[in-house]
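Listed next: structures, encoded as structure tokens.
In the two complexes that follow, chain A is the common piece, with chain B as its partner first and chain C second.
Let's look at the complex of A and B:
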């Protein structure tokens, strides 16, 4: 316990929030925006190709960043206050993961970071988030779609978190200390996202005719992008080969088994919809995105790009 | 011939074999209210922190986690449906509480408590 305790012992027992003013160390990043990787061993493990590590961290970071932004668009628009906050929390968890992963990518290979005007105070992770074009993003296409109704948000968060949790569970054993630490933190967060969305999935599927109709429509609409999550990009193959990454193909069985449990509980059959093909075989991991990502980034990046020397 | 009526100013509308939703119970417009109790990291007991709406007990727990513990406050949450709480009424405030007001001898204030006895 630190010595600058603001509460008397009597207060502590009457107030669940008494501990808040005492010690800032328990906040995710402290209350200041310093180097997110401060104190973490960022040496690149022996035998690991730095550009591969950076490209791999960018993929996982972009997944989190783009998904976070789409989920954050629900803020103030969810069906009720409680779910509004729940979705905002999910977006913030993913944003935290994105920040660490983009910072990791920048640290591993500075050449991935866009060059900003002289004097810009933006840290490398911000440069990556706000000063890259859509074709530089490596996120899976599931994350970038334009939002639909609440059933669509439920299904999208479910598919995304079932997949991501399976990945992060394996990634905890990464030879890269940063990725292992991000995964260990992320597993707890994404486990909650999965629980939250799975419960809503079952609730909507077994609710009214209308809620079930909307849920099934959302599932059919998103299902074509589910197989893409388990494609192995050459970068992912190389990262897995060197022990820093996870081959998505290897977590498919685990993810499908979890999803089947949810579908069974909801009494929903697996959709019979074909996967969405890439463009000339290229998908999100290759930088091939739909038009909506460009529009999303235009909004997300507008303030940072208008004020590249801005400090806030 | 279908029976028609122009009553109500909507023009001629059929009166028979038309689905009206009559007799169908609509879903509850509002979720029930829950009271939320959180035990803080350094607290000893669960403390009432507020209330929220949820469709069932489990959802209330998740909502409580999202609404009331997002700044790292809690280690344990209780939720209870507000209609399950029996509360005293403001009308009976005097008979309930006034009689204890002048009985100072019920406080254990005549003892010296050693410094190393916690939580008093």
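Let's look at the complex of A and C:
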């Protein structure tokens, strides 16, 4: 176990070779930005239950993290370079949101952070991302599905962004400074994601017979998970009640109105497919996930878990 | 102090450096605001600030993150805009208001973008996403050169 050693800073910077001779090792799987909330007011607003705030931040953080990972799987696989770059940027924005939200959850209630082996340099948000089991994740199930074709990516990013943008627009008024700030930033980012996917939705729907067929198939496949986005989990109800969170049921009309605009422009009718039931009524927010999430996490987490003290 | 990905801009020109407070003679507190939530350049900016300020004789350098208000391209200074254009990158126009619900736009974003190479207004959007989180890709239909545009946020 080596300590985090800092050498004379100018040596490392001015000469590329000097850096090879010194030990500036840091946590191998992070960005070494020690605390993404350094200097941010993380005081818990008066009357707010800290574990509720943490659980709520985890939900929004897990949505962003899992969706980011799925979208990032398109890197080097998209139909052309421009869309490869677009999807990678969308994944990056969501990862940034996830990082702040998971860090916020950890600051509000450190008991949500998994206990790591002695000496692990992983910061709390990385411990949450890399060292929790699937049943501890609170993301909506739409985010975790195995990727399909480009039409599927288009529909999934569209449904996710329309919903998330509607949530974040309201969350800007959160009494929690961190959530309000993450939302204010996220609104700008997710607006680009939504409009990108909405344009592709219309393009594919009005393109060739094949592109339309694939788009409609993707919409039918994902539609059963759309209603789950607007279910109110008790944590969300409590967070909304105390003024730090947003009740997703309350943004349904706004989200549906935007989605209807896209469907109308694409000349696509609303699918008539029933919602996917939970397991004994439990869904993603309750930690009930499909098998694909476990496999996704196995890949995403395996290296960090194999080297919990990893430095480089 | 320059941006690691836009080295023609200082952190002040980019609008990322919000405040510098001297606490006594040898302690300095710097506030920075991230451009995008996932901007990978933030860690490099922070390291560069610590290195430069330590080199300038400060024993204690504190870099704080300021998330509120969120960064906007409106904070890029006139000098910064000129530096971007000189480097062949089209500077952003005024950022749209993000107060209420953000209206859906199904058509490519309408912008008056001039080619930074030949100054022609005949340009077209290739993609809203470019080489870094903050840029869109354009091409000039007059001189045929592709170029980056810092997108309004």
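As a working rule, the second predicted complex is superposed on the first by the 279 of 312 C-alpha atoms of A that agree within 3 Å, B and C clash if a C-alpha of one lies under 4 Å from a C-alpha of the other, contacts with A are read in each partner's own complex, and residues count from 1 in each chain.
Everything that follows uses one rule, which is that a residue touches a chain if its C-beta (ideal position, glycine included) is under 8 Å from a C-beta of that chain, and two chains touch if they have at least 3 such contacts.
Note that the structure is predicted; figures quoted are calculated from it, not measured.
Participant: After superposition on the shared chain, which partner residues are touched by A:208: those of chain B (first), chain C (second), both, or neither?
Facilitator: It touches chain B, and chain C stays clear.
Participant: Of chain B and chain C, which one contacts the greater number of residues in chain A?
Facilitator: Tallying touched residues of chain A, the top partner is C.
Participant: Taking the superposition as given, does A:86 touch the first partner, chain B, the second, chain C, both, or neither?
Facilitator: A:86: touches chain B and chain C.
Participant: With the two complexes superposed on chain A, say which partner A:196 touches: chain B (first), chain C (second), both, or neither.
Facilitator: After superposing on A, A:196 lies in contact with both chain B and chain C.
Participant: Give one of first, second, both or neither to describe whether A:216 is in contact with chain B, with chain C, with both, or with none.
Facilitator: After superposing on A, A:216 lies clear of both chain B and chain C.
Participant: Regarding the shared-chain residue A:103, is it in contact with chain B (first), chain C (second), both, or neither?
Facilitator: The answer is neither, since A:103 touches no partner chain.
Participant: If I apply the document's touch criterion, which positions on chain A are contacted by chain B in one structure and by chain C in the other?
Facilitator: 9, 13, 82-83, 85-86, 89, 192, 195-196, 199
Participant: Which stretch or stretches of chain A touch chain C in the complex?
Facilitator: Residue positions touching the partner: 9-10, 13, 31-33, 35-40, 82-83, 85-86, 88-90, 92-97, 99-100, 165-166, 169, 177-178, 180-182, 184-189, 191-192, 194-196, 198-199, 202, 254, 258, 261-262, 265.
Participant: For the complex, which residues does chain C have touching chain A?
Facilitator: 31, 34, 36-40, 42-43, 46-48, 50-51, 54-55, 62-71, 98, 100-102, 104-109, 126-131, 133, 137, 151, 153
Participant: Looking at the complex, which residues from chain A come into contact with chain B?
Facilitator: My answer: residues 9, 12-20, 26-27, 80-83, 85-86, 89, 192, 195-196, 199, 203, 208.
Participant: Mind pulling up the chain B residues that touch chain A in the complex?
Facilitator: Touch list, chain B to chain A: 27, 31, 38-47, 49, 52-55, 58-59, 62-63, 65-68, 70-74, 118-119.
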